[in-house]
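Labels for the chains are A, B, C and D, by order of writing; each one numbers its residues from 1.
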Amino acid sequence: MPSIATIALIPLLPFAGFVLLGIFGRTALKKPAGYLGTALMLASCILALYTAYGYFFDFGKIHGAYQKLVPFQMTWLEFSKDVSINIGFILDPLSAMMLVVVTFISLMVHIYSLSYMKGEERFGTYYAFLGLFTFSMLGLVLSSNIFQIYIFWELVGVSSFLLIGFYYDKPSAVAACKKAFIVTRFADLGFLIGILVLSYYGGTLDFGTLIARLTDPSSTQMQAAVNASFLGASALTWGAVLVFIGGAGKSAMFPLHIWLPDAMEGPTPVSALIHAATMVVAGVYLVARLFPVFAISVPGALHVVAYIGVVSAMIAAVIACTQTDIKRVLAYSTMSQIGFMMFALGVSGYGGEAGLGYSASLFHLFTHAMFKALLFLGAGSVIHFVHSNEMKDMGGLRKLMPVTHITFLIACLAIAGVPPFAGFFSKEEILLAASRGNTGIYYMALITSGLTAFYMFRLYFRIFWNKEAGHDAHHGKEGGFALLFPLVLLALCAAGAGFIPFGEYVSSDGTPLHSEFDPVFSIAPVALGVAGILLASWFYLRANDRADRVAASLKGLYTAAYNKFYIDELYLFITKKVLFNLVGRPAAWIDRNIVDGAVNLVGNETVAFSKLIKKLQSGKVQQYAIVFLGGVLVLAVLFIYIWH
Amino acid sequence: MNLLYLIGLPVLTAAALLLARSKEQVRWISFAGSVAQLALALALYFAFRQERAAGNTAAMLFDQTWPLFKSLHINFHVGVDGISVAMILLTSFVVVSGVLVSLNIEKMTKEFYFLLILLSLGAYGFFISLDLFVLFFFLEIAVIPKYLLIGIWGSGKKEYSANKLALMLMGGSALVLVGLLGLYYASHGGTFDLMELSHLGIPADTQRILFPLLFVGFGVFTALFPLHTWVPDGHSSAPTAGSMFLAGISMKLGGYGCLRVAVFLLPVGAKEYANIIIVLSSIAILYGAFATMMQKDLKYINAYSSVSHVGFSLLGIGMLTHTALTGAVLQMVSHGLMTALFFAVIGMVYDRTHTRMVNDLGGLMKMMPFIGTIFFIVGLCSLGLPGLSGFVAEMTVFMGSWENADLFHRIATITACMSIVVTAVYILRAVGKVMMGPVTNPVYLTLKDANWNEKLAAVILLAGILAIGLAPFWLNDLVRPATETIAHQILQVTK
Amino acid sequence: MNGSTIIFYLLAALTIVCGVLSVSTRQIFRAAIYLIFSLIGIAGIYFWLDYQFIAAVQVVVYVGGIVVLIIFSIFLTQQAGELLPKQKIGRKIFSVLAVFCGFALTMVQVYQHAFYENDGEAVKPVVANIGKQMLSTKQGGYALPFEVVSILLLAALVGCIVIAISKKEETA
Amino acid sequence: MMEPGLYQILFISAALFFTGVYGFLTRRNLITMLMSVELILNSVNLNFIAFNKYLWPQKMDGLFFTLFVIAIAAAEAAVAIAIIINLYRSHNSIDVENAEDLKY
């Protein structure tokens, strides 16, 4: 088992990068910022691989099952004797796998950015932010305490905010980063209340104890949690659903997904890292982390997860078919794929064969990270080349950028589920789990995977084929080594990662899950995928107006999908019209006019009263004298005749 | 550790200021004096820890008594527990940075610093006194300088604001005074001593009358809804250091008083009025946050957000559980540092651009990365980002509040939690408008970043925020035993 | 009815009638003159009572000093032939009522009160006696009040000068 | 007609006193108000003398008080007239109705 320092260094090295570059990145370390950040990331990645390797093949497995290890824990903030926020590391298959994913993708993005962000004025700051994000994400996956997750959850959110808003002088970027933060913050509110509920009934914030208590039907905590009910559901269900809302916000699940497409305002490598491969799967990670509670104690909440997941997957796929900004297409595709992971968790059971969905979900998370990062980096390379995000500015780039073209194609094949690329295996498992768990979801998923193939190849054809080389020579040539190396490496992973026997290592209860490959089952999804590709090629391989004609014939649906089903407008209506105008403005008005008005009224009334009585003090001596004389007379009469 | 140093030092500084001959001397004397205060506060903290580590479990440490009016049993009694130490630390941090950011004051420099030092004297005295008479004395010392600071060095409708602030605070003090006298006579023996009073067991009927007096009286100081309206006006009119002191120190006097006098001495009253406090503070939290959303002036934004944030500490007090009380204290410290820093940054922006209107500003990050970064960090602290102090305090309050299992407390807690979203909205709006986006005015392109004193001031406060945010355990360990004493008082009532 | 009585009543009538005229006439100079006669009437009463010294002082200080001062100030502030402004009728009625009630009350009290007369050897209020007691520092002596009054007079003198002089300097 | 005695003198002094009060209340000119005050003072003096004469013939305290009152009245008149003249200079009027700057 590696020493605590080794594990601690995995997140702390990027953090050191953040601190150093954050303070000196504008001045002393401006030039070497990229290399410094990348070197630290490389070291962190090696340590992570070493730790994960050690966990999976050396010390992690005891009695045939992978154990949850907590090598280090310290009290960070104590609430009461039992309840405290502890900062610690947890090592289990889930976190070990995530360590690898996060550090690896982050390293790729670091390398890629050396070239992509070159010449940027705030180059050092960029690497500082990347360091902060990687640190937070690693802290998140290593969390041993539910509150620790929340802490890093928020930090991830803020680093995402910083990176989306990196080009802060662009108003659209500012709007996007605000939107991303606020929407996820709203979801975090659910998460926070969920934590409060779970910790109250569980009597602890520690994952191990919490899960143990809340999955054991005989424990007092569990009984209390099940018996306490609110609005017809048990407290435990509420807690689990609320926590899931937090996860749904971060993972851009319907209806909290609206921030993700806008988040594409950030630099493209950032989108690859945060909004494709790592941060957005935090929600999946969170549900997976609490999976025993969901699966054993509150199956109702798990159904919510499943339906939200599949609905998101489907809606996102439909919208993705109509978008013209390539990064937005990828964003919706990300949302759709995360939907896959979510419903895979949702249809899964706990332990043994029933836990297939769990393994499949995380397997998909793993492969998706590879090919989606690749897609984004490839898209970045294209954007770098043509200086535009719009499809109409592209076309026929396959000869101009051969490496990008090939790697992008591999990624598209992977996401479309064409064997033997990585996506095929993970998606097969998900569909298999869905078909076993819930047929309705299975058919929806099947359609969605067909749509996935269609929109991905629409993207591919429109970038690399379609019009023939309508570009001038001024675009220069494809990027250099730093730009292409990550593409190639990721392409290799996207092509080969599917052959990892994932269930052996990562399963719901730690015992290896042997999944057998069933060729008969695969016929339908693969056929659908191929059909999607063929359809896309019919529409987009050559420049023609077939697509437009179809779009025109489906006008209503097309327009709705193109406008993302008006969900943004709905939110805008709620926030601008309802919250601002109906709550905020009246609150401000009431404060100024009624509450403060009351204070001023008291003041003014006092002044008015004093104005009234000050007339007695007229300054006229004779008036005083008369009053004085009258007073003397009255007192004299009183004293002489009445009170003598 | 002799607590009298804490009083003696500001007095000496003030005396030295009176003798100073030039503005330069005045500045350096105040700076040296405030740094000495900081050193003293840190020394007190370490001495306190040492004493506790040595096993001294007395409720109040370092206590000393001198008779003041023998026949009335009024003593000059001082002593500190964890809460006081935390507050003293907070005060010293704010004083140093307040002095630093106002080094550019040219108008009546000597008087300005004299008042600042006087205010700090009032605060230190207030936090260490264990005799209610002395406590009230120092409370009043802290009020007058505020009036003058706003009235003389303020901006905007400063006379109105100064009057409003002084009158409302004086009104609060009047209630406090009545309450204190009530306590004095309720104690039969006639004593103002805090610790003696806490053992007396004042009859429930008396508590029922006295508690609202004391709580509302101190509540005015700490912006208890709906008596908070001096906050926006006062803060926005005050000079930068004035706002910092006002929000960072003076509002904490009220919170401390609520906790130390009202709740600690009158647990029965606290128990009976707790629900009202909770309702008021939940309203304040959410309503303050919504009201902030609509503000256009940066200082108003921070002032309303203060109302909202201070609501958390009042909520913690109203919840009456040990954790919630701890959270209330943490929130006071955290909010003090945070809001002082926020006002400091707003002052820096204002000094350069001569406007505080959000809509007029834009894109300042480019010209002043340091100020922009601090502005952003303090905004994040305000919206409760982990790693900064606000998170620690708010979460402690939430956890403590959640320990009350009934629906009423639950709803109040959730209401309070909702403010974290609204806070994010207004903070990001401010940050997005002021620091990010395109530069709205070409004049701004020539603006300079912070100079050394402003940087130092910001860094000092930021150090405090980070020290709490990254490693809250030291503060928690300091405060928890002290709040346990108070929670114990309440617990006894329940039994 | 002897001469002394007649003289007394004449003096009394002079005093009261002139007093009333002095407060009721609308020509200010005449008011001053009536005041003089009223004061002289009082001096006469002092004579009648055998208090010659006081009577002399009264004539010298009041008639010769204060009233002359008043007349000078009238010259300084008043235009010739101008009538004094009328007071509001309501104020007049109220004043008359109050004054009448007060007078009635006083007189009722005076007549109901039995004054106790002290017997004893009467001291002649001649100048020699007055001077002795005035400057005596023994029991019953008035040296201290005398000094106090003299200082008061001095202070008043200085005060008058200051008041009168201050404006001039400002305007100059 | 009765033999004049204490009561008659008291009657005179009371009449004089209230005459003075009436003048003080109704006169609007400051100088005439001052005259009314002189009348009041004289009525008091008369009382002192009368009491001294009829009730305490063996002492002269009443007489001394009268003397002091006259002295003080002289000082008072001097100061009052200084003030009146000053007022006249600044306000161009010695009407008491106009001399109300110190109100409120």
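One rule holds for everything that comes next: a contact is a pair of C-beta atoms (placed from the backbone, for glycine too) under 8 Å apart; a residue touches a chain by one contact, two chains touch by 3 or more.
Quick caveat: nothing in here was measured; it's all calculated off a predicted structure.
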Contact pairs, highest-scoring chain pair: C-D
Averaged-CA centre spacing for the pair chain D and chain A, given as whole angstrom: 97
Separation of mean Cα positions, chain D and chain B [Å, integer]: 64
Intercentroid distance (Cα basis), chain B paired with chain A, Å: 36
Centre-of-Cα separation between chain C and chain A, whole angstrom: 102
Of all residues in chain A, the ones touching two or more other chains: 622, 626, 629
Residues of chain B whose C-beta touches two or more other chains: none
Residues within chain D bordering two or more other chains: 21, 25-26, 28
Chains touching one another, given as label pairs in label order: A-B, A-C, A-D, C-D
Partner chain B, residues of chain A touching it in the complex: 26, 75-80, 83, 85, 147, 150-152, 154-155, 158, 161, 165, 168-169, 171, 174-175, 177-178, 181-182, 185-186, 188-189, 192-193, 196, 199-200, 579-580, 583-585, 587-588, 590-591, 595-596, 598-599, 603
Residue ranges of chain C in contact with chain A within the complex: 91, 94-95, 98, 101-102, 105, 109
Touch list for chain D against partner chain C, complex: 1, 3-4, 6-12, 14-23, 25-29, 31-32, 34-36, 38-39, 42, 45-46, 49-50, 53-60, 63-64, 66-68, 70-79, 81-86, 88-90, 94-95
List of chain A residues in touch with chain D within their complex: 614, 617-622, 625-626, 629
In the complex, chain B residues that touch chain A: 164, 167-168, 226, 228-230, 232-233, 287, 290-291, 293-295, 304, 322-323, 363, 365-366, 369, 380, 383-387, 391-392, 395-396, 398-400, 402-403, 405, 413-414, 417-418, 420-421, 424-425, 428-429, 432, 435-439, 471-473, 476-477, 480
